[in-house]
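Following this line, the structures themselves.
Same chain, two partners: chain A is paired with chain B first, then with chain C.
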Partner chain A sequence: MDLKEKLVSSFLAFENNVDVDNPVHDIRTAAIKNFEAKGFPSKKEEAWKYTSLNSLQKIDFSIFPKMESNLEFKDVKKYFLNEIDTYKIVFVDGVYSSFLSETTHEGVDVCLMSSALNKPTYKAVIDVYFNKIACKDDSLTSLNTAFSKEGAYIYIPKNKIPKKPIEIIHFATGSEAAALLQPRNLIIAEENAELQIIERHQSLTTNEVLTNAVTEIYAAKNAIVDYYKIQNDAHSSSLIDNTYIDQKDASHVKVHTFSFGGKLTRNNLNFYQNGERIESTMKGVTIIEGKQLVDHHTLVHHIEPNCESHQDYKGIYDENATGVFNGKIIVEKLAQKTNAFQQNNNILVSDKASINTKPQLEIFADDVKCSHGCTIGQLDKDALFYLQSRGIPKKEARALLMYAFANNVLESVRIPELKTRINKIIANKLGVNLGFDL
Partner chain B sequence: MLKINNLHARVEDKEILKGINLTVNAGEVHAIMGPNGSGKSTLASVIAGKEDFEVTEGEVILDKENLEDVSPEDRAHKGVFLSFQYPVEIPGVSVTNFMKTAINESRKAKGLEDMPAKDMLKLIREKSELLEIDRKFLSRSLNEGFSGGEKKRNEIFQMAMLEPKLAILDETDSGLDIDALRVVANGVNKLKTKDNAVIVITHYQRLLEYIVPDFIHVLHDGKIVKSGTKELALELEEKGYDWLKNEAVVK
Partner chain C sequence: MAYTEEELKKELETKEYEYGFYTDIESDTFPNGLNEEVVIAISKKKEEPEWMTEWRLEAFRIWKEMEEPEWANVTYDKPDFQAISYYSAPNKKPKYDSLDEVDPELLDTFKRLGISLDEQKKLAGVAVDIVMDSVSVATTFKKTLGEKGIIFCSISEAIREHPELVRKHLGTVVPQKDNFYAALNSAVFSDGSFCYIPKGVRCPMELSTYFRINQAGTGQFERTLVVADEGSYVSYLEGCTAPSRDENQLHAAVVELIALDDAEIKYSTVQNWFPGNKEGKGGVFNFVTKRGICEKNAKISWTQVETGSAVTWKYPSCILKGDNSIGEFYSIAVTNNFQQADTGTKMIHLGKNTRSTIISKGISAGKSQNSYRGLVQVGSRAANARNFSQCDSLLMGNECGAHTFPYIEAKNSTAQIEHEATTSKIGEDQIFYCNQRGIDTEKAIALIVNGFSKEVLNKLPMEFAVEAQKLLEISLEGSVG
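== the complex of A and B ==
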């Protein structure tokens, strides 16, 4: 039985464990139908031309999380940003870990999707927001929606700012030979609310893990959302991240994606600007090698006038690594005075590495400023010699140049401890100790 | 200290150095002059170990050791320093962090611990004062947006920090205003001891009034066509290089 069939037939078993009378279940039912009709995307589709899910579909994934595995905090401490105090929503093999988490209901809700979906207090919010901005047509999003049950639920009411950043961490322990995880997150920032989120998927095993995540983010008027995705997973783990962002007037949403680990990583990052004077920022640093693949597909839909979008993605590819960057910008006829900026710079360290980069602009308004650029280059030999001539060994010199290349993205990380952490991950990855943080 | 024997070097198929012989002893200052494109910077790069240039014949010997298979960083650890004619811009790396890395990597190569932060700061303060460099400058990205003169002054600051045994200054004077030239030359002179040596590459006699050479060599078409003492610079200033080119042809 292939993975699609297995998933579709598992839906019946899934229904035994959820409340089928809940209106949410109608949404799930519609979603499984869409997935059944569409199946997994294939390389024939333009959007999946460079990223094949074929080999993943051959793996016999276990679909339902089992009981909570015991993780000792000391064993996973290093994956938390423990230098600062944070709220934590932690899942182990898809199951909420109350032991590792620190949630809150004080003025803001930082808690679980399972509660939000089932408890009457949240019903009004769920009715308005759940699966509203997520694409109902997309097969992988539908797959997630069909099995949506658990994940992070964050609700920040008007004028509120949570006391500390929120970490969402998904651990996989490998208690199953191969595990499919489908977290479903819902994040709502009401008018003038402000929040910072750090998201991480971490496998603690060499067993295969496939995560198909969907996150919906709603930023109301003047809200500010700062979202950091740390993708530094084990080389046996793959991630398909589907993030949908709905923005209202003068809101600012920034998503930073740091992709260093994992086998196959696909980021579908979609911004919808449903208001004026909106700012959307997407930044990414990808540093991969071996046979790793990281595919960034971004979409910014400029719907109303006077909005901005900024995209800045840097990629460094060594050995046989593959990178994909596809940045789609749609500017509707109404969206005059749009300012859309997109930049994708890449360094191929090895001649076997490859990057496919493509801007995709669909502009229907006439008074817009739209700029895009992509570069593909090697490490600058003269710069390398300059550093070496000062006594910096080649390996360190190369690392320094890579840091320098990625620096302006790192610079915009607003949590200093997180910036330091990312620097360390990069230094570790490159096997250097430069003795300072940039 | 440095002995270059019959050095030939080329890039791709183009032969640039065509048999250079040069001996530099500890305590000496040598000047290399010569027309544009004669191979001065190439010679400097080959001594510093740039891999783009292929040494086809001859050798570079530093303190009795053939440098043939020695990497640029190891040459630096052995005391070779090149002040670049065109310093490279490295956005995202501050001057201070760059110097910290350079110094600690050199110490590591010598089996020493990292320099304590306090000592590092003191050293940076001392050397930036010597070269009259504003401290604010040191937190800027290396060479990025520096003026021509600022880049050159920064090269000599790096030299002061690293205290090389053999310093090669490739047109460090070009781009410097008169005051800066004095400051930089003064810095170089202060660093000069009987145990180290300096090779200055320049087009102008003016620099040589500040950094007085023991010997002057004229490079033309990849060969040293004339060597002499500091008076040669005056003669060149007056007559240009043509008479030497002819002399070389006659030879």
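== the complex of A and C ==
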């Protein structure tokens, strides 16, 4: 039985397990129908031209997570941002771990999707926001919607700012030979609200893990959302991340994606600008090697006038790694005075690594400034020589240059402790120890 | 008179196709439809050898299995391939030795187009191989070329007279099964040009062919093959205009360029087929496959000015097979009213130290859609490959669209690829700056559009640059001086 059939036939069991009278029952049913009709995307589809899911579909994933497993805090401590105090929403094998988490309902809601879906107090919010901006056509998003049950639910009311950043961490313990996890997050920032989120997926074993996550973010007028995705997972796990962002007037949403680990990572990042004077920022650093594949697909849909979008993705590819970047900017007829900027720079370190990039513009308005740039190249030999001539060993010199290359993206990280953490990860990745923080 | 962008826009919309007329020449036309018999009949008509007939039939069989491509960013009513006549030749057919013998009506057509043959012969020093519908009726300067050993003739003549050359090269760059339209063309191509430059010869003049679609309901399927032998050089010009018609006309040409070691080919196109009227009715469908292959140290340079056709689907490409070879692509695509253009290039880097440059300028006005679609591919053995791409779009009015779809695939760590694209309108500050210096708005727009396209216009041969300017004028009347 292939994975698709297995998923479709498991749906009934899943529905029986959760509450059939639940208002989202219809949404789930419609979603599974769409997934059944479309199936997993194949390489024949333009959006999946360079990324194949075939090998993943051959794995016999178990779909329903087991009961809460015991995970000692000391074992997983290093995955948290310990230097600062944060709210924590932690899932172990897809199940909420109350022991490791720290949630709140004081003024803001930092809690669980399952309670939001089931408790009547949240019904009004769920009715307005759940599965509204997520693409109902996309088969993998539909698959997530059909099985949506657990994840993070964050609601920041008008004029509120949570006291500390929020960490969302998904652990996989490998209690199953191969596990499919489908977290579903809903994040709502009302007018003038502001929040920072750090998201991380972490497998603790070498067993196969496939995560198909969907996150919906709603930023109301003047809201500010900072979202950091750290993708430094074990080489046996794969991640398909679908993020949908709805922005209203003068809101500012920034998403940083740091992709260092994982076997296959696919990021679908979609911004919809439903208002004026909006700013959207997407930044990413990808440093991979081995047989890793990281695929960034971004979409910015400029619907109304006077908005801006900035994209800056840097990638360094070694050994047999494959990088994909596909950035799409759509500027609607109404969206005059749009300023859209897109940049994708890549360094190929090895002859076996490859990069496929396609920065796309679709523009229907005339009074706009849109540009994209993309480069593929190597580390500057002269710069490398300069550093070596001053007594810096080649390995460190190379690492320094790579730091410099990625620095543009790191600079805009607003949590200093997080920046330090990422620097450490990069240093580890490059196998050097540099005695300074960038 | 103050000339504003709105007025320019209005003028663009109301500007009718100046070259829209129809010459009534008796034609020898096949009945509509396509099957193996038609393919054989075309081949017979052309007095082709058996291998050629077989080659066409093979292409036809491949074509039958293929489906029309859907991926381009254009929408149109699919042509009914059984409602097209696949062969049409001007009837009075004896080969002419001088222009006096040519049908006066035909000559008149050319005069109205402003390409008076005799004038061009004398003044421009251009050898012109005119394709009126499908059969070449006049070839000039053959003797001068003959002395150098250059072969420049219609492809049917080449098949008869130089079968060994044609057989060796035909279909090597664009195989029959390459794509839907290339397969169709391979099966039914009626005529086209063939050019061979021998070793070490520098072609003394620009070679030029004017294409015209004339007979109602006739698809035009040219096949062009240019072979530049080792160390040779040739500059080839191709330009087109077509009369107004109500039903869409299909045009599916194939151009193959072969540049052997150290050779250089410069291929320039000015395309101004009927773009349809301002309601978007009629116009030519232009589905063209153009590709060149570069051997060691060879260079192929494509320059195109695309102003016509209702739907354009065209990607002149370079396969940089040999080490140190160079590919270039310079393009201006202007769309107006309901025109749709999906055009660009492919640069396939296979050899070491290969270089390519892409400069693409798109100007969209009215309700038109203009897309750039390009591929830069660097193979794993193409060490030190270098590419620079730049695509700029200029939008006039808010009902048109500009799109870019650049694909970049690199598999070699020494590759250096740069791509940049911008989209903008004519800046108010730019116009203001000109106004401030006493240049009226009309002239200012002209200056800006001209400056925008200059990089590409500069690449055209002298003889063609004037015509290109003229064609830009028709498409963007009043703005280009």
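In this text, the second predicted complex is superposed on the first by the 438 of 438 C-alpha atoms of A that agree within 3 Å, B and C clash if a C-alpha of one lies under 4 Å from a C-alpha of the other, contacts with A are read in each partner's own complex, and residues count from 1 in each chain.
Convention: a residue touches a chain if its C-beta (ideal position, glycine included) is under 8 Å from a C-beta of that chain, and two chains touch if they have at least 3 such contacts.
Quick caveat, the model's predicted, so the values are computed rather than measured.
In the superposition on chain A, A:Gly327 contacts neither chain B nor chain C.
With both complexes placed on chain A, chain A has more residues touched by C than by the other of chain B and chain C.
Contacts of A:Leu348 after superposition on the shared chain: chain C is touched, whereas chain B is not. Once chain A of one complex is fitted onto chain A of the other, the partner contacts of A:Phe405 are limited to chain B, with no touch recorded for chain C. By the touch criterion stated above, A:Ile392 is placed in contact with chain B alone, chain C being left untouched.
Contacts of A:Gly315 after superposition on the shared chain: neither chain B nor chain C is touched.
By the touch criterion defined above, A:Phe364 lies against chain C but remains apart from chain B after alignment on the C-alpha atoms of chain A.
Listing the residues of chain A that touch chain C in their complex gives 46, 333, 336, 346, 348-378. Chain A contributes residues 380-383, 385-394, 396-397, 400-401, 403-408, 434-436, 438 to its touches with chain B in the complex. Those residues of chain C that touch chain A in the complex are listed here as 71, 378, 380, 393, 395-425. Taken in their complex, chain B has these residues touching chain A: 45, 48-52, 71-73, 75-77, 80-82, 84, 87-93, 97-98, 100-106, 109, 114, 141, 158, 162.
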